[in-house]
Amino acid sequence: MGIRVGVAGASGYAGGELLRLLAGHPEFDLVTATAHSQAGRPVGAVHPHLSGLDLTLTATGPDAFADADLVFLALPHGQSAALANELPETVKIVDLGADFRLHDGGAWERYYGGPHAGTWTYGLPELPGQRERIANSARVANTGCYAVTTILALAPLIAAGVADPEDVVVVASSGTSGAGKSPKPHLLASEVMGGLSTYKTGRHQHVPEIKQATGAKSLSFTPVLAPMPRGILATVTARALGDADPHDVLKRAYAADPFVHVLEEDQWPRTASVSGSNSVHLQATVDVDSGRIIAVSASDNLGKGAAGQAVQNANLMFGLPETTGLQIYGVAP
Amino acid sequence: MGIRVGVAGASGYAGGELLRLLAGHPEFDLVTATAHSQAGRPVGAVHPHLSGLDLTLTATGPDAFADADLVFLALPHGQSAALANELPETVKIVDLGADFRLHDGGAWERYYGGPHAGTWTYGLPELPGQRERIANSARVANTGCYAVTTILALAPLIAAGVADPEDVVVVASSGTSGAGKSPKPHLLASEVMGGLSTYKTGRHQHVPEIKQATGAKSLSFTPVLAPMPRGILATVTARALGDADPHDVLKRAYAADPFVHVLEEDQWPRTASVSGSNSVHLQATVDVDSGRIIAVSASDNLGKGAAGQAVQNANLMFGLPETTGLQIYGVAP
Amino acid sequence: MGIRVGVAGASGYAGGELLRLLAGHPEFDLVTATAHSQAGRPVGAVHPHLSGLDLTLTATGPDAFADADLVFLALPHGQSAALANELPETVKIVDLGADFRLHDGGAWERYYGGPHAGTWTYGLPELPGQRERIANSARVANTGCYAVTTILALAPLIAAGVADPEDVVVVASSGTSGAGKSPKPHLLASEVMGGLSTYKTGRHQHVPEIKQATGAKSLSFTPVLAPMPRGILATVTARALGDADPHDVLKRAYAADPFVHVLEEDQWPRTASVSGSNSVHLQATVDVDSGRIIAVSASDNLGKGAAGQAVQNANLMFGLPETTGLQIYGVAP
Amino acid sequence: MGIRVGVAGASGYAGGELLRLLAGHPEFDLVTATAHSQAGRPVGAVHPHLSGLDLTLTATGPDAFADADLVFLALPHGQSAALANELPETVKIVDLGADFRLHDGGAWERYYGGPHAGTWTYGLPELPGQRERIANSARVANTGCYAVTTILALAPLIAAGVADPEDVVVVASSGTSGAGKSPKPHLLASEVMGGLSTYKTGRHQHVPEIKQATGAKSLSFTPVLAPMPRGILATVTARALGDADPHDVLKRAYAADPFVHVLEEDQWPRTASVSGSNSVHLQATVDVDSGRIIAVSASDNLGKGAAGQAVQNANLMFGLPETTGLQIYGVAP
């Protein structure tokens, strides 16, 4: 028998993507999926694309996961700790929420509000040494979607001394699934299609997470809502230090990583290329006028930005090949 | 070593989807991919979502497939016969083009022009008895994308005597990938986004294929170009004969088929639900004013409508489980 | 001083489009706009595209329109009668709701529920003799959006004896603004973008309105939700009676109408072409297989399907040129 | 009789938008529209949304404009000078191309290549003193679409000493019509829908134009192609100098401008709000982490970014009210 897996918060978009990935995973057996208001409904009624998956959502709580070996938490920010504290230590947990990502409790309180729950192993295997830490952890905090997209472009450039950690400027556009499934007026199709807009301008909660993981000292981060269901495109700029080619730095940094692809020099990342996959595409150059490094990163916010990354971390935690049950190639066009 | 597979016409959208599926197939080893004007380029340069796939496109011709066990032809209509005739009989072939679909040479000439190349086993396993015929064939003609989407909704209703084969009316909308990758003015994003339009109105070439497979005697078929990259939604209407519930007829017809899902009574098919998968979602009811049956069918034109169906057929031809290397659940949202 | 105009129900999409058109109308002075939950907010806060329009929404009620010469009602179905009954007879009213469209109270009750409020002059000037009736009316019931799009294609064909009124089949796709501004889960951008789905399949409330205006005896009408904010594309099919060219019939019928354009023979209507305008584009042919007439019609559901049509009717009611303050050409691409 | 107007290069997107605006302009009479490969075709065949406009495209050349009072040039970059030099000085000209925008011939050659044609009055009326210069000019160089969107946000902040002109960073996303109507593979709907990508990364030709008009000393500008037909959203960041509120600075700068709207403090610009109009929406704040000013600007690339701006300039050149024939409110949703 395989590894028994539960998903808490399975009715949202990240939860649905987890169910989709787990349904095709050769080692993880999806046994329990819980939800709040949707408890009691078959999965196919809540996620029509999963019609045929024989599973009914149950109420979220520790009993639902009594015989699970692995639990994914896909709950609203601030709700993970209460459930995690009631699960036995033998259960391995990947939290897709923000609760356990930050070392700095003060930053948590400034950006998220409420008390800081604590700090778990940060779930980004591509950071130096992090793959091993994750493999040895029973509790892992998955990355934020904007955060991982930005960090993968920025961290090696700062680490190599090529990009100045002072005055990093990021503008990143996300598809609408990143904003969740609650029906809010500004997320209506009529409002979103055919247009772009910024939001949380000047104060996005992924800023401290990106600074913590990259060493950036000052970070201006502007998120943009884009008319597409999935995908994040981050444009990351920082002053160049020295003459090293940022493309080469990225190429070397990720030479051994199965999910991070530094494109050939004439290609620039496109979110459509990684849709449905766990991959991230990267490219970088130096701006001819300003001399700033411009690094561009494309991810699927539900893939590497949420559910795919969570499965990658769980694979590591159970000693499985990192790519088990995950797609390297996106569904395009 | 696995089954050695080649793809002719790998630079188009159906070809790209074949490469994506074959790259993840556990039994088929993708060894050759050919193209015309793109020959010599790495796959990742032509299909950016396949960046990292270590394969270079070569020129199309029989030599390219000298040591293949299985060849997929994804060539423009009318070009399959020339290549197929030069491949040894021991090579199994699935043709994604229209060349070998029709029994009626006259219908071929009226709708496609040029001489009729012949007739191969029709590659739609869900038709009665067809799964076995495909398994015993070395040459299989894959279905048209509109055709399969319509046939799966219509064939059981006519076969059960529930729908009148006279005066069938179908309006079906397709995403743009069905129109191919050649840059034509009306396929520009600026022209397509935010709008809908009909095309080939009153004379679409899938009409004889649908009639052949369903027994429809008269068929009005109108295709619509929709602002989405993938997916077909077909609304299929026919006069009801008797009082049988068309939903029940469909439910019984596909009870054992892994890729055809007749939805619960309150759910209607959505193309987004099957995107990236080989599944088709179906629903049917009777119109309260006219008494006509309205059956609705959703597919991915590159999945069940092209590459997914082709892999499903190839699985059968090699005695593999039908679902090998294919997705049942779409990538949504 | 111009004609004093009020809009009841100005916070929805049809209401917003009315405000936009009235803000640029040379004879109508927009003096009052009312809303329910949004009362008290400036127009620009509710409709960001109208930022700069110096008007605050007030509560809906007869007092709000005390000194109006003309009132547009853009209220939910079933709410127009209560307000209309409290306005003096000297005030001219155009109702954008369904309340006063139908002659047949029984049809109203079957499709809308609740008591039938009555019947006003039907607000479709392009029907024979209707322009004069509207000009002589103080109460006009605007058309439904699907209804007008279908009627303009179908009515002349039935009237000319070219199309059989038995067994008319219509499949029509609409942009999302037709579904209103209330945040419902299935209208979220994540759910709508990249996909198509049918809804109210087999029982849409515009059926009796279309039958009443065209003389169709049996009508199968299937609506489809399309990933675009605006626009309706209707495919209207009926058995051909005789050999007349349906294109010519339409061309003659609308030779003098400024907003209905029968395209040249090689052009098919596209919704994007009429977006933002009050125009409808038409084309028709005969299907080569079935011999059915296929007529295709494109409109803007908020233009000719709602607010534009309402202004056109009001122009007629006040003896103004029909095109005053309206656009003939859509905003494309 | 009104002012006689011709459009050179009327078959492209900017040309089509000019025709649409001129068809509704009360003082300008559209008498001639020219094109290259499309010469001889009726306007409605080339621009289906202009069906009904009774005008045939003729070949581009000085004879076509022999009796024009005003000519708009909407030609590819580098082609305006040849035609402009052959038109009499009495003809007023607005050039929508880049040929005459720059003072610095060296910058022209670096970014555009070829010889510098010269410098005309820069057609951005909202810059201090520029409205008068335009009114007194017979030759005006219209702005670039990215340029005007960025300049309107940035220029007052630098002029007021609030934003540091060193190290300005801009990321701006555009709809596809900005890339023109020539069918190129990367502009296919299948490629664009559902995704975002950067292009000309690190070396966009609007950089010198923005620096010239704003006084920025160093400018990193990254353009992004977005899945929408129209619209530009620019995120403009610069280090704050002092404590002034950038919102207030913008509000004061544009208090008297009919087409530039600085939104209320809780609203952020959305491109959909200005679609089809000549308006620009602005907002600004200070980033809490970095202290950089973030100013956001939304325009219609074919409106204020091209044809609308051109008509606004022509209105000024002929002493007409600036808003004649132009829309202040966008077509939304």
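A few comments on the model shown:
The first chain written gets the first letter, and so on, giving A, B, C and D; residue counts start at 1 in each chain.
Methods note: a residue touches a chain if its C-beta (ideal position, glycine included) is under 8 Å from a C-beta of that chain, and two chains touch if they have at least 3 such contacts.
Just so we're on the same page, UniProt names per chain: A, B, C, D = N-acetyl-gamma-glutamyl-phosphate reductase.
Everything numeric in this text was worked out from a predicted model, so none of it was measured.
Chain centres were defined as the mean of their Cα atoms; on that basis the chain farthest from chain D turns out to be B. For the pairs B-C and A-B, the count of C-beta pairs in contact is higher at B-C.
Each chain gets one centre point, the mean of its Cα atoms, and the points for chain A and chain B are 34 Å apart.
Shared interface positions of chain A, defined as residues touching 2 or more other chains, are 13, 176-177, 190-191, 193-194, 227-230, 270, 272-273, 275, 332-333.
Residue ranges on chain B touching chain A, taken from their complex, read 13, 16, 20, 23-24, 44-45, 47-53, 176-177, 193-194, 229-230, 261, 263-264, 267, 270, 272-277, 279, 281, 327-333.
Those residues of chain A that touch chain D in the shared complex are 167-169, 171, 173, 190-191, 193-199, 201-203, 207, 211, 218-222, 224, 226-231, 233, 235, 237, 239, 268-273, 275, 283, 285-292, 294, 296, 298, 332-333. Considering their complex, residues 13, 175-177, 179, 181, 183-185, 187-194, 227-229 of chain D touch chain B.
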